Amino acid sequence: MRLSARNKIPARVTSITEGEATANVTLDAGGTRLVASITIEAARELGLTESGEVVAVIKASDVILGVAD
Amino acid sequence: MRLSARNKIPARVTSITEGEATANVTLDAGGTRLVASITIEAARELGLTESGEVVAVIKASDVILGVAD
Amino acid sequence: MRLSARNKIPARVTSITEGEATANVTLDAGGTRLVASITIEAARELGLTESGEVVAVIKASDVILGVAD
Amino acid sequence: MRLSARNKIPARVTSITEGEATANVTLDAGGTRLVASITIEAARELGLTESGEVVAVIKASDVILGVAD
Amino acid sequence: MRLSARNKIPARVTSITEGEATANVTLDAGGTRLVASITIEAARELGLTESGEVVAVIKASDVILGVAD
Amino acid sequence: MRLSARNKIPARVTSITEGEATANVTLDAGGTRLVASITIEAARELGLTESGEVVAVIKASDVILGVAD
């Protein structure tokens, strides 16, 4: 399936912190640390494991830009 | 100001498409193409220009994970 | 690619309103009207046309619940 | 109160998974499964119960479109 | 309709910038300037006018926190 | 760092509810109650404490407008 989401960042899972409802999945994207908060259900259904390959998918309207002072 | 947002990706502006209300800002983050949709007001206030350095800031709850079939 | 996003609603495109930066795509999902605001770039890259079949993908953390008074 | 949000999907609660901070609420919308992640506080304040009627409210800018390959 | 969204900020419209697809609505909330980007369709359907009273509704998961250095 | 996000609301922390993965942070913004759901990691890294001063940062595209009937 092709997606309208403009941001697709290849990454590798480095750790998973699981709560009852939410999992925080930490990623390494070519040296940049990323974190995705997803449902526990999704984390299990995707079979996420440390060092597994994923793509971080982000809608353009969810990206804030910052500029150094 | 330190931010709760977990994702901060250094990037360089490659192009800006301006509408009346919204600007789509295309970025290069170490070879990965990113796009941020922000208000025209923000684009002007930040003084964004091609090849300018920015940081893409994204909340962890806005990151979807994909896994290849 | 399997996605962590929990909401995948099959729908048909009923109209597309294009601005310079953003396209509002109206959908019919089994009688429920939906609207997606995406970048113009995405609308063109996906080749969206009226009556074309799409899937509306929504992260669980983007869903607000309302209850009648 | 009338809302700017363009997507209002009538649904019925099918299950609630509660963590300490977040509740994942699974819905049935005319045969389509939906999931909303909301705060525990909101779930309790709304008095959500299984088979209760709700409306899933989603902003147009939070909808990603997918097209089959 | 009661909403799960935790943030409801009363405000007054101070200006509306309309594009083809998106309207940026500037608000005054007790002295704090706010901006909402909504679809043109929503802006018209709500009949927004300058100095009109509105409520800014924001999901808790869309709020980033910043702390001064 | 200057940010494209259009909404920056000064507030004071009134309570923090911590789960395993997510913290719900309740704020007082000049008499208006706000809630931010952030990762536990972010809550700890920012050193949030009751009565501490923060800024609630919200992207314009995440603001829904409501108008009384």
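By letter and in written order, the chains are A, B, C, D, E and F; residue numbering begins at 1 in each of them.
The rule is short, and it goes like this: contacts are C-beta pairs under 8 Å (C-beta built on N, C-alpha and C of every residue); 3 or more make two chains touch, one makes a residue touch a chain.
Since the structure is predicted, the reported quantities are computational estimates derived from the model, not experimental observations.
A.B. asks: Check A-B against B-F and say which one is joined by more contacting C-beta pairs.
C.D. replies: A-B
A.B. asks: Farthest chain from subunit E, going by the mean of C-alpha atoms per chain?
C.D. replies: Max centre-to-centre separation from subunit E belongs to A.
A.B. asks: Quick check: how many Å separate the C-alpha centres of subunit C and subunit F?
C.D. replies: From the centre of subunit C to the centre of subunit F is 28 Å.
A.B. asks: Nearest whole angstrom, what separates the Cα centre of subunit C from the Cα centre of subunit D?
C.D. replies: Computed value for the inter-centroid distance: 16 Å.
A.B. asks: Just the number, please: Cα centre separation of subunit A and subunit F in whole Å.
C.D. replies: Chain centroid spacing, subunit A to subunit F, equals 22 Å.
A.B. asks: Of all residues in subunit C, which are in touch with two or more distinct other chains?
C.D. replies: 1-6, 19-22, 24, 35-39, 41-42, 46, 55, 57, 59-62, 64-68
A.B. asks: Any idea which subunit C residues touch subunit B in the complex?
C.D. replies: The contact residues of subunit C facing subunit B are 1-5, 19-22, 39-41, 57, 59, 61.
A.B. asks: Give every residue of subunit B touching subunit C within the complex, in rising order.
C.D. replies: Subunit B residues touching subunit C: 17-24, 35, 37, 61-62, 64-69.
A.B. asks: Report the residues of subunit D in contact with subunit E in the complex, numbered from low to high.
C.D. replies: So the residues of subunit D in touch with subunit E come to 1-6, 36-39, 41-43, 45-46, 55, 57, 60-61.
A.B. asks: Which bits of subunit E are touching subunit F when the two form their complex?
C.D. replies: That would be residues 5-10, 24-25, 29-32, 34-38, 42, 46-48, 52-68 of subunit E.
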